[in-house]
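Chain naming follows the written order as A, B, C and D, and within any one chain the residues start at number 1.
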Amino acid sequence: MASEDASEYTARELMVSAAAREIDDGDVAFVGMRLPLIAFQVAVSTHAPNAMSVFESGVVREDPADGFLHTMCDLPNLDRAVSTTGMLDVMGRLARGDIDVGFLGGAEIDRYGNLNTTRVHAGDREIRLPGSGGACDIACLSDRTVILMAHEPRRFVERVEYVTSPGHGEGGDWRDEQSVQGGGPNALVTSKATFGFDDGELYLRTVHPGVDADEVAADFPWDLRTREDVTGEAVGVTDAPSSEAVELIREFDPDGFWTRG
Amino acid sequence: MASEDASEYTARELMVSAAAREIDDGDVAFVGMRLPLIAFQVAVSTHAPNAMSVFESGVVREDPADGFLHTMCDLPNLDRAVSTTGMLDVMGRLARGDIDVGFLGGAEIDRYGNLNTTRVHAGDREIRLPGSGGACDIACLSDRTVILMAHEPRRFVERVEYVTSPGHGEGGDWRDEQSVQGGGPNALVTSKATFGFDDGELYLRTVHPGVDADEVAADFPWDLRTREDVTGEAVGVTDAPSSEAVELIREFDPDGFWTRG
Amino acid sequence: MPADKTASMAEAIASIEPGSTIAAGLALEHAIPFAAGHELVRQGTDDLTLVGPISDVLFDQLVGAGLVSNVRAAWTGNVSAGSGYNFRRAVEGGELDVENHSNFSIALSLHAAELGVPYLPTRSLLGSDIAGEPQFRITEDPFEGQRVVQVPAIAPDWTFVHVQRAAPTGDAHLWGNTGVTYEAVRAADNVLVTAEEIVDPEVIKSDPSRTRITREQVTAVVEAPFGAHPSPVAGRYNRDNEFFLEYAEATRDEGGFDAWADEWIHGVESRAEYREKVTRDLSVREPTTAAEVTYGQ
Amino acid sequence: MPADKTASMAEAIASIEPGSTIAAGLALEHAIPFAAGHELVRQGTDDLTLVGPISDVLFDQLVGAGLVSNVRAAWTGNVSAGSGYNFRRAVEGGELDVENHSNFSIALSLHAAELGVPYLPTRSLLGSDIAGEPQFRITEDPFEGQRVVQVPAIAPDWTFVHVQRAAPTGDAHLWGNTGVTYEAVRAADNVLVTAEEIVDPEVIKSDPSRTRITREQVTAVVEAPFGAHPSPVAGRYNRDNEFFLEYAEATRDEGGFDAWADEWIHGVESRAEYREKVTRDLSVREPTTAAEVTYGQ
């Protein structure tokens, strides 16, 4: 467990901080649970005081819950919410194009940001995963999405076995061609690096402090492009979380249930 | 204005009483306003204590309102209702086939019980009427419908100019052939007589006390069939409203706004 | 701090362009936004398309004022008296186009826009001449081979809604029957909330399950006590039936509307002055208080 | 007098046929009808098809008890711990069929049944492999030529819903987020309402805008205090996260579920006894009371 010194932080705290920066002030964010939930709480407490969060269970909230959340339906998230409503109300906002940013996770991601949370293979054995939940809807319909994943090489595959949540499909203008409404993935944040998308394809944008860019590239089964390839600018180093962000994360997750250990 | 003696009653009070008898105990009735609303209140206060009423504005009610109603949204109809909800909630009940009986009115009715409340001609002049409201939906989707109309010969036409609310179309199995879901009109109650439907065609069932059956038939521009033609049983006389029914009608409409004058 | 969306009625209505599509009268005879409608008449915002299930004289007034080119509705009239005479005259005179709907089809049109889809199917309308109106398509569904009518989406430029209470943010509480209010709020590009009372946001947030109109959908919030008169507002005031009957009498003949509007719209400076002109007692004399509900953690 | 629909949990569950389709867990992590599910396990009602968005271990428990042939859902697992191990084993062992949905598509399936139509269209799913699952059709809409996915209706035999309070008639108040609860209630042939508290009908009728579950849809009402534990109920008790983690640990290995069920399902006589076994304090310590609302006339 990390020390309580805010100048030290865990990889997950860095992920939360990086994810929080993907929320602009005034955004309506489709949040879900775990790290993105904390990221929203950090964002709205710092640079994005007018951001709003919506949750597929039917919760609309403007401010951090006054208590720790294991799930989006924990009572602190319902208490003094802007609205506790139904799923179609929230999904309607997605479908009308009113959601600026949606957060996604996944067991597997491929070159074009497609995500699989339905079934994977470990050798010959097929492993059944929980499934989409609202992820497919968020992936299809949000203006942009941000993906958070643990950095494990087995999660990076050339082509996902099952597209639970479409990213940029086969790259390029695939979403337009397939009439997929939202804008698709804008960023991937792992526990080692952050990535952008160029012409629908993943590229390495920044590595977290102390991580080597070549080491990250080696975790991918294809020839990973980098910011240098895309913009000419060298791969950067991810901004460390501010001490304010770290303090907030530890306020929202006091036992480190989601962000430590 | 009628006397307060319950053994005397107006034509509209008789219509309300006849309409109330069309509601069975346990029915869910799609009521609307004016005479059917009072008919529901009478029915639930007498022979149909377990009937429920629904209104397209989004009101579900088990008992008569404790106050006079000009419209289905008057506050006495909302106060202590079973539910004050939205239109799709109520229309969903219709669409699922959960409404046993719906009430309709109309400016014109034809041989097969089709109703027009959209536009009529008076000579060369086209008169625009208010339109369907929920009537078309009730006519399409209720298990059965009951129609209430003032008895005026100009209202009885061979074929309505515009089918706002479908009855039995062209007679026979027309509704099945056209995939019209509900059962269609079961009865017509006018200020002079009651009518049934046989093979989709209107026939005279009973005349109100003091009304002559031939006189009623003469008001129709086609050769009106009668109960004698359909069942062999002579045209009857409509049951007068019970004194209890008359008293209830005057309780629910104390100034006779809908039922007198 | 979330944006403060409060405005005067004049300011809010001034932001509506001529030629707009406006949905109103969405809770049917309940909570009709008459105060907002009257300000449209004062400002002369014209070439409007009106959308709603039944309008109980609000649409008739806007038609009488010459502001309306098109009505997409199920019923237009006066629930107490029957006809809406301005509406009748305008249609019969060829000055007004009408897209005929049923209540269910207008609800589905707004619901389609709410759900972000081009249409919704229904088994209503089949067998009626409404199903044959040009805006609809009849098809067979691919699963069960049932005939269904496909009802196209309607996304109004503006939805007007009158509520009991709203926060300056736009979050609002409406109770009593709601008709197609929420569908229309979500379908619209802009929403004008007129409220009996503007309240502290904490009042609204104390009961988030009653909050079905939320700020992102709301463009402006106007405090308009008595803003739905002569229609009723649950818990606030009863319906003024006589007013509807007097309106019918006053507008039965051509030109009658102008005199009526001179008295009740142009002749009053404010809703407060309008309210003073209404002498009937419409107050709620036997209130029912909703059973306690708690949230918390 | 309207029918009294109150029943014991055993009576209510005994009326459910093996082979039924049951929708449950409809408010997502909130107010999951665990007490009703546990009685299904006790009675061994099997060959079930389960329908719901995400089930947060209720479905995993019914699968673990060997009662389930089919799951039509968007997500099946344990929200605190990730995997639902019984579900995984059953699918991987070929004992359980899964119809893959997203949350939106399962919501639309139930909504289609609610609206009495064979399908509803959506622009979600396009581009995913879920859109290619056999239950869906992809087509172009006839108005704008947009690609849409047609989602077929699902009408469950039973919907289970847990609420804060219900009248013996079946009219009920549920607050806090509701997910697809109302759609599923209206889509179903039968509804089992389990309630923290059975109340006088006048309590429910004091606030008809909160009453979105009404009697005609309800088959049975069971008083089941603590009936949603370990999930939370707004205003009543907090979520018992440790319980979910302990359940995950207990069921990680084959056979683990039986021991768990012996303790928590077969080993308790009543929900009261179950409640006594739960030692953590889940009470609502900082209640928020909803602002006053009045109706009346």
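Please note the rule applied: a contact is a pair of C-beta atoms (placed from the backbone, for glycine too) under 8 Å apart; a residue touches a chain by one contact, two chains touch by 3 or more.
Please read all numbers here as calculations on a predicted model, not as lab measurements.
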Chain labels contacting chain B and also chain D: C
Interface with more contacting C-beta pairs, comparing B-C to A-C: B-C
Whole-Å gap between the CA centroids of chain A and chain B: 59
Chain B-chain C separation of Cα centroids, rounded to whole Å: 28
Gap in Å, rounded to a whole number, between the CA centres of chain D and chain C: 36
Between chain A and chain C, centroid-to-centroid distance (C-alpha), Å: 40
Set of chain C residues in contact with two or more other chains: 115-117, 122-123, 146, 175-178, 182, 204, 206, 209, 234, 238, 284, 286, 288, 295-297
Sites on chain B at which at least two other chains make contact: 74-75, 78-80, 84-85, 88, 91, 94-95, 141, 181
Arrangement of touching chains [line / ring / star / complete / other]: other
Pairs of chains satisfying the touch condition: A-C, A-D, B-C, B-D, C-D
Contact set on chain D toward chain A in their complex: 27-30, 53-54, 56, 73-77, 79-80, 82-84, 87-88, 91-92, 98, 100-105, 107-108, 111, 122-130, 146-147, 175-183, 231-232, 234, 238-239, 241, 244, 284, 286, 288
Contact set on chain C toward chain A in their complex: 1-3, 113-117, 171, 182, 186, 202, 204-206, 208-209, 211-212, 214-216, 295-297
Interfacial residue positions of chain D with respect to chain C in the complex: 115-123, 137, 139, 141-144, 146, 148, 150, 152-153, 164, 173, 175-178, 199, 203-204, 206-207, 209-210, 234-235, 238, 284-297
Interface residues, chain A side, partner chain D - complex: 33, 55-59, 70-75, 78-80, 84-88, 91, 94-95, 118, 125-137, 139-141, 162-166, 169, 174-175, 178-181
Contact footprint of chain D on chain B as seen in their complex: 28, 49-50, 52, 60, 62, 66-67, 74-76, 78-85, 88-89, 91-98, 141, 181
